[in-house]
Structure formats: structure tokens, C-alpha cells
Amino acid sequence: MTDNTQNGQQNIYKPAIMKVVQKRDEAPGVKTLRLEFQDPAEHERFKEHYRTGMFGLYGIFGEGESTFCVASPETRKEYIECTFRQSGRVTSSLASAEIGDLVTYRGPYGNRFPIEEFYGKNLLFIAGGIALPPTRSVIWSCLDQRDKFGKVTIVYGARTVADLVYKHELEEWQNRSDIELVLTVDPGGESPDWQHRIGFVPSVLEEAAPSPDNCVAVLCGPPVMIKFTLISLGKLGFNEKNVYTTLENRMKCGVGKCGRCNVGSVYICKEGPVFTAAEVSRMPAGDL
Amino acid sequence: MAKIGVFICHCGENIGAKIDCTKLVSAMNDHPGVSVSVEYKYFCSDPGQENVKKAIREHNLTGVVVAACSPRMHEATFRKACAEAGLNPYLCEIANIREQCSWVHTDQDMATEKAIEITRSLIEKVKLNNELQPIEVPVTKRALVIGGGIAGIQAALDIANAGQEVVLVEREPSLGGHMAQLSETFPTLDCSQCIMTPRMVEAAQHPKIRLLTYSEVEQVEGFIGNFKVRIRQKSRYVDMKACTGCGDCIQKCPQKKISDEFDCNLGKRPAIYTPFAQAVPNIPVIDKEHCTFFKNGKCKVCQKVCETDAINFEMQDEFLELEIGAIVVATGFQIQNTAMYGEYGYGKYADVITGLQFERLASASGPTAGKIKRPSDGVEPETIVFIQCAGSRDPSKGVKYCSKICCMYTAKHAMLYAHKVHGGKAHVFYMDIRAAGKGYDEFTRRAIEEDEASYLRGRVSKVWKENGKLMVRGVDTLLGKPVEIAADMVVLATAITPQPDAKEFAKVVGIGCDEYGFYNEAHLKLRPVETATAGIFLAGACQSPKDIPDSVSQASACASKVIGLFSRDQLEREPVIAVNNESTCSGCWGCALACPYNAIEKKDILSRSGELIKRVAFINPGLCQGCGTCVTFCRSNSIDLAGFTEKQIFAEVMGL
Amino acid sequence: MSIQEQYRKRAAELLASGEVKIIIGYGAGSTPDRRRALFIRSADDASLLHVDAACDANLSGYLVSEGLLSDRKKVGIFLRPEGIRSVNILAAESQLDPLQIVIIGFNVENGSLAALQGSGVNDFSSLISTLKESRSTPEEQALIEKIEGMTPEERFAFWQAEFSKCIKCYACRQVCPMCYCKRCIVDNNQPQWVHTSSHTLGNFEWNLVRAFHLSGRCVECGGCDRACPVNIPLRLINRRMAQEVLDAFDHFSGMSHTQEPVLASFKKDDPETFIL
Amino acid sequence: MTKILLRDRLDDCISRWHAAGLDVIGPVSKNNISQFDTIQKAGELDFGIILPDRTLKDLFFPQTEPMFRYRIGKQQIDTEEYLPPGRQRIVFGARPCDVSAMAIDDPLFGWDYKDTYWFKRRTETVIVTIACTSADEFCMCTSLKLAPDSPQGSDILLRPLEGNRGWLVEELTERGRDAFSLIEGLLENATGDPLPLAVVPVKFDLDACREWLQNPENFESHFWKEISMRCIGCGTCTFLCPTCHCFDFQDEGDTYTGIRRKNWDSCSFALFTMHTSGHNPRSTQSARWRQRIMHKFNYFPGKFSLNSCSGCGRCTRECPVDMGITETLQEITKLSK
Amino acid sequence: MSEPFEPKIVAFVCTYCTYAGADLAGTSRLKYPPNIRMVRLPCTGRISPMFILKALQKGADGVLVSGCHPGDCHFTHGNYHARRRWTVFRALLNFTGIPLERIRFSWISAAEGVKFAELISSLTEDIRKLGPFDQYKAMIHETETPVSL
């Protein structure tokens, strides 16, 4: 599934300079930045290589780089969107970037979702909390060519209502007739005017009971959620091979050299971040 | 990146004439993260502040640097202006380009360069400033006064008279303290009990004062406005509600040979007793140690004679947990044990006594009903020698400090002696006469001139008994001659020292003390009644030796501090306090030891199943004063100080 | 019975009686002259223990291994006097409860093994007092004096040359019983006070900060010096700092398990001749 | 037909290389440590050591290296690349284990993306290796199926002659031949008896170990906990390993200008894999030691058909607590039988 | 060099005493050289040895640390703790070859404007005589240079 080339770069560790053109607060501590390339050549390179699922290293000089997915789809390559939770040194300083500020981006790296293989199939997207961004890039890749797919179901849950990200897009999806959107929050996380479900993602998924027939599932979320959702998907009759997920690990280089992102023998940065549940289940659990 | 506004004040000519402000403005405009940089003649003026506010709104600023006079001048002004424009006031920093730049440097270029660097470094700091909120602490409006001597009573009454609740705790069975033991008081020679007893009664009957005698404070937790105090009420074995104070039990008690502490062991008392006749409350206690029933299991005479069944041998100590907003510590002093002055014969010769014992002899309520009689045989002494500084100002044997009151009370004793023993001769050995105070020097002069006390400047080297007389050998340094006086009685002006348990008690309350055990004030000059622990105040001789007027004024000062504190429902404190990162803390407790305010406590981190994972430091925001000593101590860099964080200072230095 | 045999016997008894759950001692190393830490849980394994002059590691750092002491059970450990002092400091800094530690003490004097009596930290307090009163003058004393005799420029050059060798492997820190911090200051990146890069500047900062953090805590076991793979004479700095706190504050690290940390306490009359 | 380089001609050779613009580098013992350093004279070289304390890796992948400088302005960011200085170099007197290690890391640094810094230095450097005639108790090249005269990675291989008088020259690559053409005439056309190679006993069964490591069941074996109990988690073994290649990026400087550096990092460090959330996939020292062994003898060979170990033995030689690969693989060999 | 050497001196001071003393020097219009840069902190207890190292990294030729006289600390004993730290850290700097003339410590109260001005003048002069801290600067320079090997 690898799709890596030298990307025509001279120094593979030198990032591109990006300008912040939009900034959105998604949830407490979670922000989305829309970035535009400053160097047209870099942009061309990105457009040539980027496919949904790939990730990048976003950074600020003086602070460092941090790895997260490209949250915008391959169908919209004029910019890059990234959504992140403010936790460490880099994300804190990215979070304080204002419109017009310059940041850096290195990528795209890693493998992709084989979206062509999903043509003609029903799609089930399942995401938890801050893991909607990787799913969202697949969702939009598919919605932007909606006619190529069957039924689209999105199950998204967060701890509390405030923790749901991309609220404006959730509203948009809610209003579309060609998507079934199931929203849920953990018990106790609801607000007084919450009109959707209350419960953990796996049980809500089981209630929604999408059919496994001719269906591909894309599942992203915190490890505990993944673990239990996979069980639920199994109960619903999904084959591990038709369930896609993404893995994250700490990375520095993004290109398979710095030595820290491997799970067992698998380098997330080069062989991932997109894996089928079948592939993940072959990895040593003690290394995840 | 941030959006910082930089406001450069000319301060008229003060800054403008020495620093090229236009250059400063353009340098700041070129600086990354600066959205706007402007100059103005007086930013502290109303239109100047308006400029700042307008810029905050227009540019949606995330931080403000005002390059102007010292932050000690106008930091508050500009922070307030920021707040009015909707910017958190703690996102404003002042670059001091007047006091520390334009006023002190002569070279314009270098001064301008310095102003640029100072301002730039503060821009870097302010970018990392956090929005801080003043800390609001609720106040429990109930004061605890520890110690029922004159200082404690005064503080309690002042607070109670202002309408606030007071809990007054005294460990002895009665209020009164040392002042109740005194005969007359200097410099007016009015009777101590006459002025003291009404205050005691007033305190006991005050509707706002809850009096807990024969009680001790065992534990103090919490912080200003929110202390939790545990008090032990020792069992008196006498039901306070039932007892009428008739005194029958005291009269009938068969055990009457107990040395009377109140009379400094010059008299005797029974096993059930009140310390003195005017005791408040007038309810006896049973001295368990000497009571025949407690010793032998037989007696119970008191119980038999009591008509109200107030005697209860089964009584247990009781504990009270009280919520308290402020604490006044007025635990008083003791008289130094003079055992180390073996050459003066105290303890060896019955007629060598301390000043406090002399007070009891001179007191109308004392063991001799106010007649000066020597303890050995009850004979009136014809010649009496007073030795001052028997312990004070003597680093080798006694204490280094001056006990402050001995000069005065010795003069008083000499006068009382002259008044009571006609024809008697009083000699006073002294080092210096320290009589500063209203009417004090006149008082000592009177002792010498009117009452003809003989003052000899010099130390006494020895006291011994010869032919029924106490021979006192000393030196008169003014004459340069040795002197020997055959006396009938010798009175030692012993030093005033802290209570024997003062140091342990300081730990209980959570305040500091000096090497002797006198409690430390927050600042000797500017905050003499506060302790370093916010909300705890000091009154009387527990802080240092004091006479009655000083103790009373300090007590009233404490009361005013407490009343001031209680005038608000919430306390607002600067949010400059330390915060610990519990995930990286190793729990070595060095910070807790280093903290001058005992603000750092141990906190258990438990797993979901309730097991102890680790112990970390927790910095109580109510107690922390924000000095940052713990931050610097912390090896793992886990503690940080809001307003002066490690990141801010790092940026400030890197921006220089 | 040789000292080693006596100690094996004692270790076996401690384990057999259940008094301790584990013994941390020394076993044979990868070459005949090497000894390595050995953890035994069964009395049968006591015969694997070695005690001799080659046992130079201060094993006390293993006591604060995560989870070892959390069950409140006792642990036996072979310690030299320096190690006993480390245990005192760890106890004084609330990292362990000294009652949980059963010390099997030994000493090496002039290259030969000597047994030490006692098992709790307090049993060794007079020994430690003696150590304070008669600080041995190690062979490096001459070198320290030589360094102190240099001009500041020469001293700087000397240490610059030494620190330029450092590769920031942190063996000095990891082997040190005093370096138990959950997060070392060098690993704090907000802000990054100490450069993590191992250029000379970063190495200089790191070694200074470590020496400062060890001041008044180092027991001069020499572990860091032996661990350093690039042979930086770390013992010189630690020795010098130990001397400083002794001279200035009469502080000898690890005197007792209640000793106050020298940098978290003070006396009003501490010396201050250098302050203007 | 063989050529001989006589020891007393070495100074002349160095002069020739210098004249041709080459830096000459070799093992030097100085200031209580032996490592590769630039030399002017043959006398600076320390031929007495079996292996320098520090590895050949230092020459291609320094412990800290500036990658580029950045300057942040109000509206733009300027970057300036710092590439290796671009001088041609000849390394004289490396050992086969160290040199093989460079060949082992080549595929890793060239895996799809070519590491600019590594390959620039690799192409600028000629390596002259001297076969080992002595070994110590930690040497274990033979256990890795290498030998005291393994040619991997070398441009020239020298075999010491008896009496310490010189070396038998084996030219292995074009680059080696080019470098040695510069000293044409200083070499003797003669033959001689090379000293017998060092005898390095085989210490473990590599194939058996690999098989054991590949078995998924052994991933959670209690063995890992036991073997790593005394590991203190320092970086000595990784930093003194000629093949260990893990690194980190660090930005250093003041507020608006600084340098992004590539620094060695180590899988032994707890923070190596720590997420900012606090989750750490390899949270225990045993997991980290397992990673190190697995990586070297299972994952790496799986990807590149090479063991990421050349048997220099430094990990055991220098370990502060006397651990190392040898002991672990010996134990695994026992377990696998 | 034709231009005279202007040393860079960084001062870490407590706000209650030395910073106020510096303000007093200003209000008294005393003159001192402009080479000093002050970093204001709540108390000397907050001044970490790391600050000194970072000032040196920023190219300081001299560092001053100053606070309240013993017994005058606004926070009662911040300065006593600081004094111990300085004693230890100073010994360490000395042993590693940082000239002590470059790292100075003082007690300056809010009333000692004159002492402040005089100290800064003499300190600046002393450091000017010592010249730039070349040895430290060389170390900084090394970090900015490509690896030569």
C-alpha cells in the first residue's frame, strides 16, 4: 500500500512555509488551521502527491514539528487543513498562530485510503472525539464524488457536546438527505438542549445496526473506543478486512529513519497510517 | 503569533528628550507579533488611556506593553485601562524606560538602544502571559483568639465589639494570664486586678465571644478566611453548667497542700480549685494529678458536698472542630528559669525570689495579703536587693535580648517596698536603666529620688548566706569599687522568655518563630502584627517581651486587621501564585520545606480503585504568597509561578 | 567462613524467613573482574551472590524502581557506606520508607573487604558520622587542587575539553540514585532550559545543572564517573561541590534519614562574604 | 601482484592525500578517549587499540548537527541550509565491524527518501579498513556472520603484516582505487605474510535467535522483564552502537532566529516514544530493550535483509550495568533450544 | 576594534528591594552606564541558576543578581534560600572556569539608589576591563557552525 517517492526534494527535512488563512475553534483546546503554500512549487508537489489518509508534520520554527493527519480531502488541494488538540510545545504554539502568521509543513507522507476500491460500496464512518479529522478527510473525499458510493452513514461521538468538533459541518451533514448522521455523547456529557443520542459509540453503533453487506467501515478514535467498536463491528458481521483505521505514534522524521513510530515491525510513517483492522490485529498489542 | 500593542510614552520631556521615541516606535513596528506601536505625550492621562483602549478594541490585541515609567508607578493604571477595554489586565506589562533608562543615562543613542531592548524583551514576555483571574477566597467571619491574657482579652473584645464572632481560648482554668498575678502596674501604680477583672468579666459575658477556658488548640489547617481549628477542652471534672461557683468543694477538699502555681509556689491550694478568687469563669477544676480520689480511688468529698451534683469524675476531654476566618495568637510568655545563675542562690535560699514572686507578695490577693514578708520565716525584710538583668542581655548564660520590662518593674518593686516597709532599704543592681515610654523615666526617677532606692550600676557576682543574712557581692562600676550588701531578701529580675512549648505550638498554628521561640512577624517594621501566614496575627509578649500598654495596643491593632479582613465577604488576592504540575512531581517535599508560608501540602494521587499511586505537592492557593522560592527549588521544574512563569522569564531573557 | 559466605548465608536467611521479598546484590559479570546487579527472590539463589572489592556499584538507585516498594514489603540490599547514605537521602526526600530497607552493609578499605554490622539505616549513623569527621582524601584531590590553581581561563578550557566529549547518553543521570525525578529538567521543553543537543554548550549546561542539583545530595559513590562512556571526570565536580556544602553549611549528605536538604533550608547566619 | 603499504611510508601517503585536498581521519587517543579525528601525521594514529571508544558513525551521522538556520521576520521566514562542509575525506584505520555498520545503515537512510546529510558524507569519504589481528572478550563479529576481515562497506582493506611493518593492500572499490592511485609509488609491489586474523569465538546462534524473535508468542515473554531488570535506561549502548540511527530534531536559538538540529536519540529513553497525551507505547524499560533487540535482529533484517548489528561489542564493553546484546542473544539462544 | 567594548550585563532583581532601589536611582537622577538590562522578579527566591546560564547564552558578559538585605525580604526568607543557592552555584561556576568577576551578587534595598548606581557603574567598568566573555561566546559560536568532521 506504500506510495512514497523522494517527492523531488533536495533536503528531505526542510519544510515548506505555509500561511494561516483561517482559524477555527472546534472544541475546548481543539483548533483547526487552514494553511496555504507560499511557494507554488511546493504546492504543485503537494497537489501531485497528496491522497486522502496521508499525514504531515506541522511546525513552528523555534518550537519543532508535530505529526497529524491532513484533515482536508484529496478533492480539495488548494489548501491544507489540520485539526489538533493543544497539548505539547508545538501544538500550543500552533494554537496561538493567528491569521496571516507563517507556519511550516512537511509532507505529505504515509499511505492512503484506497478510495477507488470503495466505489459502488456503502460507507460507514465511525469516529470518536478528536479523531474525526482523519475520518473527515475521507468523508469529504467521498461526498465530493457522492454518486460513486452507496449509502453513507456517519456515527460520531464525543465525551461531551462541547467536545464535538466540526460542528458547522455536522450541521451540514445533518441537513443532507444523502447521509445518515448519528451523533452521540457519553452519558453525562449532554447539554440541556441535546437532541441526539446519549451513549458510548459501540453501543450506539449496535443500535444503529448498519448492514455489513457491500459496506466498508472507516473507524478512527481513541484506543479504547477502537477496541470496543471492533467488537461491535464483529457482532454486526463486518469483516476485519473491510474495516479501515488510522494509527498514530510519535514521529520526528516522517520518512522511516528516526526509529520511533514502529509498532512491531510496521513503520506507521511509511506503511501507515492507514491500516485495515486485519492488519492491526496482526501487530503486537504490547507495542501499541 | 500574538497581536501585541506597544505604547510608548514620552512622559513629556522626561522620556521624550532622552530617548528617540520615533525610532523606538518603528523598531517595535518591525518586531514580529506587534500589531500596533504608537507614541504619545502622556499615556497615563485620560486621553492617553483612551488611546490604549481604542487600540485594544480596534486591533483585537492579545497583549499590551506600555513603555513608560516604572511599573511601580502606573502598572495598576494601565492594567485597569486594559480591563476596561476587555483585555485581561494581566496581559499588560510595563517597560520601565524612565526611572531605569531616560533618567539615568546620558548617551541618547545608547539609551534608545536600551529602551528598544527592554521593550522587546517585555513583548516576548507578554506574549506568554496568561489570562489570570484574581483569586477569590470566601471569608468565615469568626475569629479565634488564642490566649486569655490581657492581649487576648483586648483583641477579643475589640473584635467582638465590632460585631464579629470570637472564640477565645485559654489553656488555664481562668482568664487573666500574667497580668492577673501582678500587684500594681507601672507607671501609674494602679491595681492590676482592679483594671483587669472588669475586662475579664466583659469578655466572658460578651454575646459575641465564646469563651473556652481550660482548652487548647491542637490543630490548625486551612488558610486565610478558611481555617479549620481543632480544640481540646480538657475535662475539669466539674460540670460548668451545673456549678454555681459556691466554693464549698474548694473549702472541703482534704488535700490542701498543693503548691499554688498562680502564687508562684509561694502559697498552697487544694486539689479542686480556682486559680484565684476573681477567676473567670468562677468554676473550679480538679487537679487530677493531686486529687486523692484519682490517686487512691477514695475520697469524693467534693462530690458529696456539692449541692448541684456538678462534680463528675467520669468526664472526658472534648474536642471541637471550628471554622475560623482569622487567628490572633496571644499566647504570652513565661519567666526564665534562673537555675543557671547558681551563684545567686535561687532555689537554694528561699529568700532569693523572682520578680513575679515579689508581685505575688506585694499583691493584696497574694499569699501574704500584700505584706512583704520573706518566704523563709515571714519576717519583713529590712534590706532588700534587686538584681536586674538576671538572665537578659547575657549571651553567655541567659538570653541575648533585653526583656524590656524589668527596669520598670524593678523600679516599681523598689517603690512598693518603700511604701510597704517603712524604713526598709532597697538596693538595685542594674546595667542600664531603660525607661523609654510615656511617664517611664519620671517613674524610675521617683523610685530613686522620692523612694530613695539605691541604684548601683554593676553586676552581682555572688549571693551567699552568712549569719542569717543574704550577702550580696557586686561591683559599683561608677565608683569602681566592689560592694557587699547584707540583705534580707533578694529579688531577681529574670528574663522574659517564650512559653515552654512555643516552638511546637508555632508548628501547630503554622507560623514561624525565632531561635528563642518568639513568634515572627511578617515584617518587623511594616507588618508587625501580621505573621508570614496570611490571616494569622500576633498580640502581646508571644512576639517579643512587652509591657501592658504595648500588648494592648498590639492587640487592638490585631483586632483592626481582623475586622478589616471581616469587612469583606470575599478576599481578592493577586493571582501571582505557584502551581505544581502533579504529573511530573516526584514528591521530594523540598518545596514544602522551603516555603516560607507552609503553603505546600502533601496530596495523595489515587487510582480509580482508590490505591495510592503517588504523593505530590499541592500548593494551597490561599496560603501561597507568590515568592517563587519553591519554583527555583524544584529540580524537576514541576512548579511554576503564575505571572512570572518559567516560559515567560525564558522568553524575556531570550528577547534581550 | 569467608565474608562472602557469611553474606550469602545472611541473604539466604532473609529470603527463607520471608523477612525480605527480594535481595538486590551483586552477581558475576560478563568478565571475571566485573560484577553486576543481581536480583534474587529465592534463598537457593543466594549462592549466586558475590561480595568482594569489585562490587563498586551503588545499588540504592534500584530501590526506587517503579513499584518495587509499593507493596510495603521489605527489600534487602547490599550497600557500601555511600549507598547507605543514599538511602538516607532517598528517605529524607520521601522517596522510600527506611523501615522497608534491610541493609546488608559492607565496606572496601584499601582494596579489601570488610563486613559492616547492622541492618537499618540508623545502625550506621555512627559510621557515617566518622566518615564526615574524617573525609578521606581520594586520589583526585590533587587534581582538584591543580584545577583550582589554574586561572579561570585555564579551568574553562579544561572543562570545555572534557564536556565536548559528552554525548548526552545520560548514563550519569540514569545510574545515579539521586536522579529519581519523574521528569528531569533537561526533558522539560517548556521552556527548554537546558539544550538537549550535545554540542559543548549544551553539554556544559547539562553538566552544570546536574552538578547543581546534586549539590548537598551527592554521596560520592562514583557511579556517574564510572558510567560515563566518554570518561569525563565527573567525580571532580561532585567532590568539589560536596566540599563546598560541607565548608559553607556544615552539610554532609546522607547523615540521617531526617536530614534537611541543604538547598531547602537555611540559617540566618549562613556565610555571605561574596555578596556586595 | 599484491601491493604492500609500509608503515614508515604512511606519513608520505598522508602528505599526498593532503596535497590532493583530502582530509585524513583516523583513530586518535586523546584526552582519555579514543575516537576518529582529523590527523596531520601518522604518529597521531593509535594503532594499539582494538577499537576506538567511539564509532565510525560519528563521521557520517554526528551526535548533533545543524540542519538549517531559520530567521523569523514579521512577514517572512528565511531558512538557510547547513550542509556538511563538502570536503573529500579518507578514513584510515577503521575496523571491519565499524565499517560494515555503515553499509548496514545505507539502505535505511536511503529507504525511499534519501537522507541528505548521511549520503553527502558517505560519497565524500573513502574508508580504508584494517583487518583485526586481535580481539577482546567483547568482540562478536563472527556471531553476526561477519569476520575480522569483512569487506562490507570498505573501499580498501588492509591486512597487517608481521613485525608491524605495514599492510597488505586489497582494493575493493573504484573509489578506493582512486584514493590509492594518489599514493602510487609509495606502495611496494611485493607480497608478504599477513598476521593471522583475530580469533573471535561465536557466542550465540543468530539464526536460532531470529527464529525465536519472529515467533509472536515471544513478544510478551517474561524473559524481557528478567533480562532487562538492571537496565537503567541510559543511551550508552545506542550512542556507542555503530548502527543505531535513531534521531530527534531540536530547534535551538533565541526568539526569532535559531537552528534546527538533528540529534542522536535513543530507544532506551523513556521519552523516545512518549505521546504528548502521556500515553507511551513502550512505557517500560523491558519494552524498550525488547524493541532494541527486535529492531536489530528481527524488524531490520525483515526490511533490509541485514542485521542491524556488526558485532563490535561496545554495548557490553561500555554498559554501566554490564548488560548488552551478547548476553541477551546468548540467553535467547538457550531459550530457543 | 576602534569602538570601545560595550559589555552586555543582565541583572535579575527582586521587585521589592533592588528594582525599587533602581527606581530610586532614577528619581534621584543618578547616572550610570546603560549596559545593564534588568529582569524583574517577585523575589530573589525566584531567581534560578538557569537564568544566569541563559543570560550567558544570550551573550551577556556579566550577570548581576540582587535582592533585599537579609531580614528585609518581603517574603521573609526568600533571600536566605537564594543566598544558599548562590553560594553553591557560584562555587560551581568558579570551579568550571566562569570568572566570578562576571557573576556578581548584591543586596540593594529600596533606599539604596546610590548604592545601585555606584554598583552598576563599577560593575560595568570591571567587565569592560575584563573584555568580552570570549570563551563562552566561542562555545555559542560552535553551535552555529556545521560539524567539520
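Order of writing sets the chain letters: A, B, C, D and E. Residues in each chain are counted from 1.
To be clear about the criterion, contacts are C-beta pairs under 8 Å (C-beta built on N, C-alpha and C of every residue); 3 or more make two chains touch, one makes a residue touch a chain.
Keep in mind it's a predicted model, so treat the numbers as computed, not measured.
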Set of chains adjacent to chain C and to chain E: B, D
Chain pair, D-E or C-D, that carries the greater number of C-beta contacts: C-D
Farthest chain relative to chain C (centres taken as mean CA coordinates): A
Farthest chain (mean CA position) relative to chain E: A
Separation of chain A from chain B, taking each centre as the mean of its C-alpha atoms, in whole Å: 62
Distance between chain centroids, defined by C-alpha means - chain A, chain C (Å): 49
Inter-chain centre distance, chain A versus chain D - centres from mean C-alpha coordinates, in Å: 39
Whole-Å separation of chain centres (CA-atom averages), chain B against chain C: 43
Sites on chain C at which at least two other chains make contact: 185, 190, 192-193, 195, 197, 199, 202, 263-265
Chain E: positions in contact with at least two other chains: 54, 58, 71, 77, 81, 85, 143
Shared interface positions of chain B, touching two or more other chains: 583, 594, 633, 646, 650-651, 654
Chain C-facing residues of chain D, complex: 31-33, 53-54, 63-64, 137-138, 229-230, 232-236, 238-240, 248, 250, 252, 261, 263-264, 266, 269, 271, 316, 318, 320-324, 326-327
Chain C to chain E touching residues, read off their complex: 147-148, 150, 152-160, 185, 193-195, 197, 199-202, 204-205, 208-209, 211-212, 215-216, 237, 240-241, 244-245, 248-249, 262-268, 270-272, 274-276
For the chain A and chain B complex, residues of the former touching the latter: 96-98, 101
Partner chain A, residues of chain D touching it in the complex: 67-68, 70, 72, 75-77, 79, 81, 83, 108-109, 111-116, 216, 219-220, 245-251, 253, 255-256, 258, 260, 262, 265, 267, 272-277, 281-282, 287, 291, 294-295, 298-299, 302-303
Partner chain E, residues of chain B touching it in the complex: 70-72, 96, 98-101, 103-107, 110-111, 113-114, 117-118, 121, 512, 520, 522-524, 532, 576, 594, 596-597, 625-629, 631-633, 641, 643-644, 646, 649-650, 652-654, 656
